[in-house]
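Shared chain: chain A. Partners: chain B in the first complex, chain C in the second.
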Partner chain A sequence: MYETIAFYLFSALTIGLFLITVFSKNVLYAMTSLAAGMVLISGFFFILGADFLGVVQLIVYVGAIMALYSFAMMFFDSTKSIKEKNTNPALIFVLGGLSALSLVLMFAAPIYNESIQALYPMHEGVGNAQDVGIVLFTKYLIPFEVAAVMLLVAMISGIILAGKKMDQSLTKDTCVDDEILIKKDVK
Partner chain B sequence: MIGLTHYLVISALIFSIGLMGVLRRRNLLMLFFATEVMLNAVNIAFAAISHYYNDLTGQMFAFFIIAIAASEVAVGLGILIVLYKKHGSLDLDDLANMKG
Partner chain C sequence: METTLVQNLPEVTAAGVIIKAILILAVIAAIAGFGTFIERKVLAFMQRRLGPMHVGPYGLLQLVADGIKLFTKEDIVPQNANSLIFKIAPSITAATAFIALAAVPVFPDFTIPEWVPLLGGVFVPSIAADLNIGILFVLGMMAAGLYGPLLAGMAQANKWGIIGAARTAIQFLSYEVVTGLSILAPIMLVGSLSFVDFNNAQAGGISHWLIWQQPVAFVLFLIAGFAETNRTPFDLLEHEAEVVSGYATEYSGMRWGMFFIGEYANMITISIIAAVVFLGGYSEVGIGWLTIILKVGFFFFLMLWVRAAWPHVRPDQLMWLCWKVLMPIAVINIVITGIVMMV
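Then we have the complex of A and B:
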């Protein structure tokens, strides 16, 4: 009963928030609604019994990724609304609607599940985090290490890409620039 | 009672919202938001299948998707900052400099 109410509430709110994300003209509104939608998606994970995944979603997506976006937004001029030239909006709506329809029909089709068996079944009486840890550090150890190396590579590339010429101002403050130029001329 | 199909349908709808965003957005930052929406939709489907087939593999793949999304954001935002320093805008029509 509560699961049903929570499912419909979360799905309606998530779809509404993500529609705002996709159709809003303001970066701040889009980012805020994206963060709220991700919190609600972690709610889905908690309903589904994937506690550890929900916590990771909250920490990584809402905590880290949205913080990264909001820091990056300070580099861009985010106060003005974005003007986008849409060449053919009707085509996009038709394509998006058709793909939505086909995906929903595909997933709503009955799935014959006699041949599907659990490869790493969940254990009764064991917490989700414990179960995840056992499978992650035995069967998926090499992908886990590769993901760690990938995150390291991403961190280094992020530092190199964004950190170069960090001392130069992005938003041009012309009077300060002129002062610097005058100082250089004097030298 | 909520079944697997409910979750798959909601995941398909959210994925289509993200796809529509990728198709219609012209701003690179907004394109990144739309890809995040699509990644989250796939995560819901994985978690739902993992729950209803009593298998942990779906959750594992969801973890790796989250790791990939995190590194994608780190690299992508670095590239966006470099592009913004160079061109002064993030509009795809301004950034297109190959005529064809």
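Then we have the complex of A and C:
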């Protein structure tokens, strides 16, 4: 009873918030509704009894969207609306609609067919964290390691892209000092 | 001993949880208000001043005066601000601080006596929501609390505010890694994410406290906890000397008060986590309720003490400290803990 109410509440809120994310032209509204939607998705995990995954969803997306905010802060004025340049709205509508439809069909097919079953059901008396850990380090070990390597690659390439002037201090404004010296020389 | 106690406890009902939630809200909000008075007094004595003295005996009623001022102050929303987000932001800080408190043990459990009308015989648990992943939930909720300062800074159309918001983001991205990694080593030793298991694992006197096995993790967690609650030396978000008041520049009245209550509730939460995870929690038989209050009080005092003793750090110093010093130490600590456990 409570779970049904909670499920429909979370569903309505999540869909509403993500609609705001897509349709809003204000970067602050879009980001905030995205963050709130991501937090609410963790509610579904709690309803299903997957406490650990719910908390992981919370922690990961809170951090990830915080990083996204910092980019939004750098590129946009958060108090004004943004004028979007849509060169071909019809094409975007068709492509977006088709991909959404195919995703829904992909996920709905096994449920409709009633052939969906839990390969690794939860054990009574064993915590969520242990269950996830056992599956992650036995059956899904190789995808797990590959994901780790991919993150490492992304991190190293990020450092290389950003780190061209890493030996110079950003806080000591050496350029200004140099300019002053040059002016003195000219005098 | 503790296990038999736990088995004999009555069933937790919805009424008990609701009473507990109201208790936490009322008591922690009051303590948070009282905390401001204690902070001013402690700082004053450390700086050879008297602090608030004029309102009431020893300035005790200063608290009431401040409360009346906050409640009756005009509530201003700046002209170009995004008013919806501006109004939501303070409640995010306050709400997440109290949601985090739902999963930590606050005050001992008790049963309401039978003679009380309506609620007689209801058992009130010590943890409102006894999740078996309590620590992760609390840390995640406290992390979500930083959306308050971030949104406040971005919504208020003020340059100091946006600097405060930017500092919120870098502070969050710096300390979050250290918090998680530092608390991972004790979690490995205990083998559980539940506060109750942590408490029971340390039953049996001071020599069983986890701080003796994990001193490095304790220091790292404390440093990250200071950054998490925006306490000096890491209060970059509202550094008065540099960015006026940071994210709170445009706030006044109760909205500002909600940021404040959230910050003090977070200080209490961090103190409780440190006390339960590293200092044995409430595991002493009989006087557990007293020792946990003393431990939490000690950590609260430590935060004020550090504020009086240390200067602020710069944002780049915080990032340097977290990513280049604390994170490698935390990783090495985890590896050593793992080796010791396996050998």
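Everything that follows uses one rule, which is that the second predicted complex is superposed on the first by the 109 of 187 C-alpha atoms of A that agree within 3 Å, B and C clash if a C-alpha of one lies under 4 Å from a C-alpha of the other, contacts with A are read in each partner's own complex, and residues count from 1 in each chain.
One rule holds for everything that comes next: a contact is a pair of C-beta atoms (placed from the backbone, for glycine too) under 8 Å apart; a residue touches a chain by one contact, two chains touch by 3 or more.
Every value quoted in this text rests on a predicted model; they were computed, and no experiment measured them.
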Scan A:150 for contacts with chain B and chain C and give back first, second, both or neither. first
In the superposed arrangement, does A:129 touch chain B (first), chain C (second), both or neither? second
Of the two partner chains, chain B (first) and chain C (second), which one does A:39 touch, if any: first, second, both, or neither? second
Touched partner set for A:29, first chain B, second chain C, both or neither: second
Dominant contact partner of chain A by residue count, chain C or chain B: B
Looking at A:14 after the superposition, I want to know if it touches chain B, chain C, both of them or none. Which is it: first, second, both, neither? first
Regarding the shared-chain residue A:58, is it in contact with chain B (first), chain C (second), both, or neither? second
Which of chain B and chain C A:73 touches, first, second, both or neither: both
Determine, under the contact definition given at the top, whether A:92 touches first (chain B), second (chain C), both, or neither. first
Note: overlapping chain A surface for chain B and chain C spans 52, 56, 69, 73, 170
Counting only contacts in the complex, chain A reaches chain B at residues 3-4, 7, 11, 14-15, 18-19, 21-23, 27, 30-31, 34, 37-38, 41, 44-45, 48-50, 52-53, 56-57, 60-61, 64-65, 68-69, 72-73, 75-76, 82, 84-86, 89, 92-93, 95-97, 99-100, 103-104, 106-108, 111, 113, 116, 118-122, 131-132, 135-136, 139-140, 143, 147, 150-151, 153-155, 157-162, 164-165, 168, 170
So, in the complex, the side of chain A touching chain C is made of residues 26, 28-29, 32, 35, 39, 51-52, 55-56, 58-59, 62-63, 66-67, 69-70, 73, 78-79, 127-129, 170-171
For the complex, which residues does chain B have touching chain A? 1-2, 4-21, 23-27, 29-30, 32-34, 36-37, 40, 43-44, 47-48, 50-51, 53-57, 59-60, 62-64, 66-75, 77-82, 84-85, 90-91, 93
Hey, which residues of chain C end up touching chain A in the complex? 80-82, 84-85, 88, 131-133, 136-137, 139-141, 143-144, 146-147, 150-151, 154-155, 157, 162, 165-166, 169-170, 172-173, 176, 180, 192-193, 314, 316
